[in-house]
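Structure below; questions to follow.
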Amino acid sequence: FSVWQRESAYRYRDIVVQKQDGFTHILLSTKSSENNSLNPEVMKELQSALSMANANDSKLVLLSAVGSVFCCGLDFLYFIRHLPDDHKRESARLAEAIRNFVNTFIQFKKPIVVAVNGPAIGLGASNLPLCDVVWANEKAWFQMPYTTFGQSPDGCSTVMFPKIMGEASANEMLLRGWKLMAQEACSKGLVSQVFWPGTFTQEVMVRIKELASCNPIVLEESKALVRCNMRLELERANERECEVLKKIWGSAQGMDSLLKYLKSKIDEF
Amino acid sequence: FSVWQRESAYRYRDIVVQKQDGFTHILLSTKSSENNSLNPEVMKELQSALSMANANDSKLVLLSAVGSVFCCGLDFLYFIRHLPDDHKRESARLAEAIRNFVNTFIQFKKPIVVAVNGPAIGLGASNLPLCDVVWANEKAWFQMPYTTFGQSPDGCSTVMFPKIMGEASANEMLLRGWKLMAQEACSKGLVSQVFWPGTFTQEVMVRIKELASCNPIVLEESKALVRCNMRLELERANERECEVLKKIWGSAQGMDSLLKYLKSKIDEF
Amino acid sequence: FSVWQRESAYRYRDIVVQKQDGFTHILLSTKSSENNSLNPEVMKELQSALSMANANDSKLVLLSAVGSVFCCGLDFLYFIRHLPDDHKRESARLAEAIRNFVNTFIQFKKPIVVAVNGPAIGLGASNLPLCDVVWANEKAWFQMPYTTFGQSPDGCSTVMFPKIMGEASANEMLLRGWKLMAQEACSKGLVSQVFWPGTFTQEVMVRIKELASCNPIVLEESKALVRCNMRLELERANERECEVLKKIWGSAQGMDSLLKYLKSKIDEF
């Protein structure tokens, strides 16, 4: 997406927010982390932008990212910097940040459309089914390699992925770190449409403007009808997932296997 | 379907009902509305035919339509005639008619097989997942363009469509009015088999007769096992969907946007 | 799978159990029944092997079968031998055996990967979604021809099949005995990967060893997160399904139609 500033645009550090006619466009473009990965500060900016979009006259939110990556999940460099200090307390703080971030998506009242421009990894993928429509660039791919670095699933993926693609495929992703290309993600129901890289932005914008011309009450009521059935179940799943993350990060063994993985990753570069 | 009268056939105004060996065949063939669309009178005839099929020795119901259209959803000409009068009261009456109609499907004890011969639109499509097996003519298509005419979803589609095809694709249909061709509907799980137009009726009849030769207790108990898990959730969803429809139709803004859409449609002809 | 004995291998009559590095491999290889079909004795051996795998240091279980058949469902020869005696009591005993067997899968804490080497029929197919990952040999197929022999569904299939593939396709399988080939089962979400017969065992073993190298706490916690949402619902569905089986087997009509079917099957041979 080309990023221009308009009078209505608010500038954050890690995201770009453009208030457009009928919708708010939020783009990940992180400075405090690499590859649009999520640390508590990035998450807070996203939550604040969503909260603003909820309060203003936007009928819906378009979520995407600047650059060739969509979102690489949790910011592990932030982990390395913070977790070793007082890792029980830091684990709890990080798990709490994730819980609030995910709850923001569960509870958001206006439709969220995501345009996945590139790789969506970890929490950057697990969170997608909490959004309402998911479009992908043909180059995008989706992976949650949790077990590889000794972590458990987040973003309500333990409820939503089995619901969308069945237990067998969901567990391939959650337990085995299966990587889905955009077309596969589409045939499994995680993504609803795939567009060619050359026309991705235009295709997205045409459809968003169409959607933003609908009666806002109808959009909000329709979303409420679809989501109300699962809200409580999702809040509980989020709670449980974050409890397990806290427990794993807080344990010596969990911490070790995570740090070992991260150091091996850093040594790669 | 060729429509012939047999001794066992009962003639209604808007539907044709044929009691056959082991099953009841109900065909939409509306006189009081165009394109097999649904108004309170058509719905009442369908409910009465289903109630009869429930009471007699039919093991199952085959639901289809006469002509090249399956069902075009709600009868908007009926709306134009009735809503402007006393639109608060009429909105409530229509919403109540829909609620009862949809509950009839939720609560029906014998298997319902649908043979979708042509376009299934609005409530004619949203209702399908409440039936047990759905076959489609290759020419059939499925669309719920609710937001286009300022309406919210009905027929428990806000529960069943996300369950069947995932939130992303369901919202493409419910919020964006996505049109699915028969083959797409099949790959998304809305339809279980697609047949060629030339042999559609034969293929349906062979399979129906096979199914009608099963032990009726086994059929009914099997359906009960599949459906009992969701009955309460579906009745609640139906209730909520109808409450929202009543609210939207009852509001000046909702009424206006609906009438504007309908008048534009009529001017097209 | 080639079956070799190792020091760590325990020999049962109807199954082969191999304790390997990080996982337990359980293979159906029935002597007391034909085609790896399930009678109370086979089920008891499987439950005992699973219980052992739960208690030892296995991180997961691999379930497969010796020969060209995976599992042909309930052992109907056992039925013919036992049911006519005192069929009310025997029906209750069999239904209870199935209930306990299925509950073992619902409640099992470590991931179960199934490698379906050939036909999976009846309870041999209905049970699969209670396992976590399902791989199939390209020659495998899946069928639950319950209504053909006057039986109702088991293995929680009335909950899991509609969840995985939608009501329409699930009912094709549960009510109409639809046979899915491996590739179809994969596109419908019942199976997550299909491998060619020539390399099936190798492909399975590579992936199992990879999975068995993960942190066991992460595997168990991840499975718990995915499964805890449905455990109660599945136990109830299992209960209901077994109640209906008991009722059908216990009735004169149900017994007759089952025996008629079985005798026709035996006459075929």
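The chains carry the letters A, B and C, assigned in the order they are written, with residues numbered from 1 in each.
What we mean here is this: a contact is a pair of C-beta atoms (placed from the backbone, for glycine too) under 8 Å apart; a residue touches a chain by one contact, two chains touch by 3 or more.
The shown structure was predicted, so the numbers you read here are calculated from the model rather than taken from an experiment.
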Practice task
Please state whether the interface between chain A and chain B is built from the same residues or different ones, using more than half shared residue numbers as the mark of same.
Solution key: different
Fill in the blank from the handout: Per the C-alpha fit, the turn needed to bring chain B onto chain C (nearest 5 degrees) is 120
Practice task
Provide the C-alpha centroid distance between chain A and chain B, rounded to the nearest whole angstrom.
Solution key: 36
Problem - Overlap residues in chain A, where contacts from two or more other chains coincide - result: 163, 165, 187
Handout entry: chain A residues touching chain C - in the complex, by the definition given at the top
Key = 146-148, 150-153, 158-159, 162-163, 165-172, 174-176, 187-188, 233, 237, 240-241, 244, 247-248, 251, 253-254, 257
Fill in the blank from the handout: Within their complex, chain C touches chain A through residues 111, 128-129, 131-134, 160, 163-165, 187, 189-193, 207, 210-211, 214-215, 217-219, 221-223, 225-226, 228-229
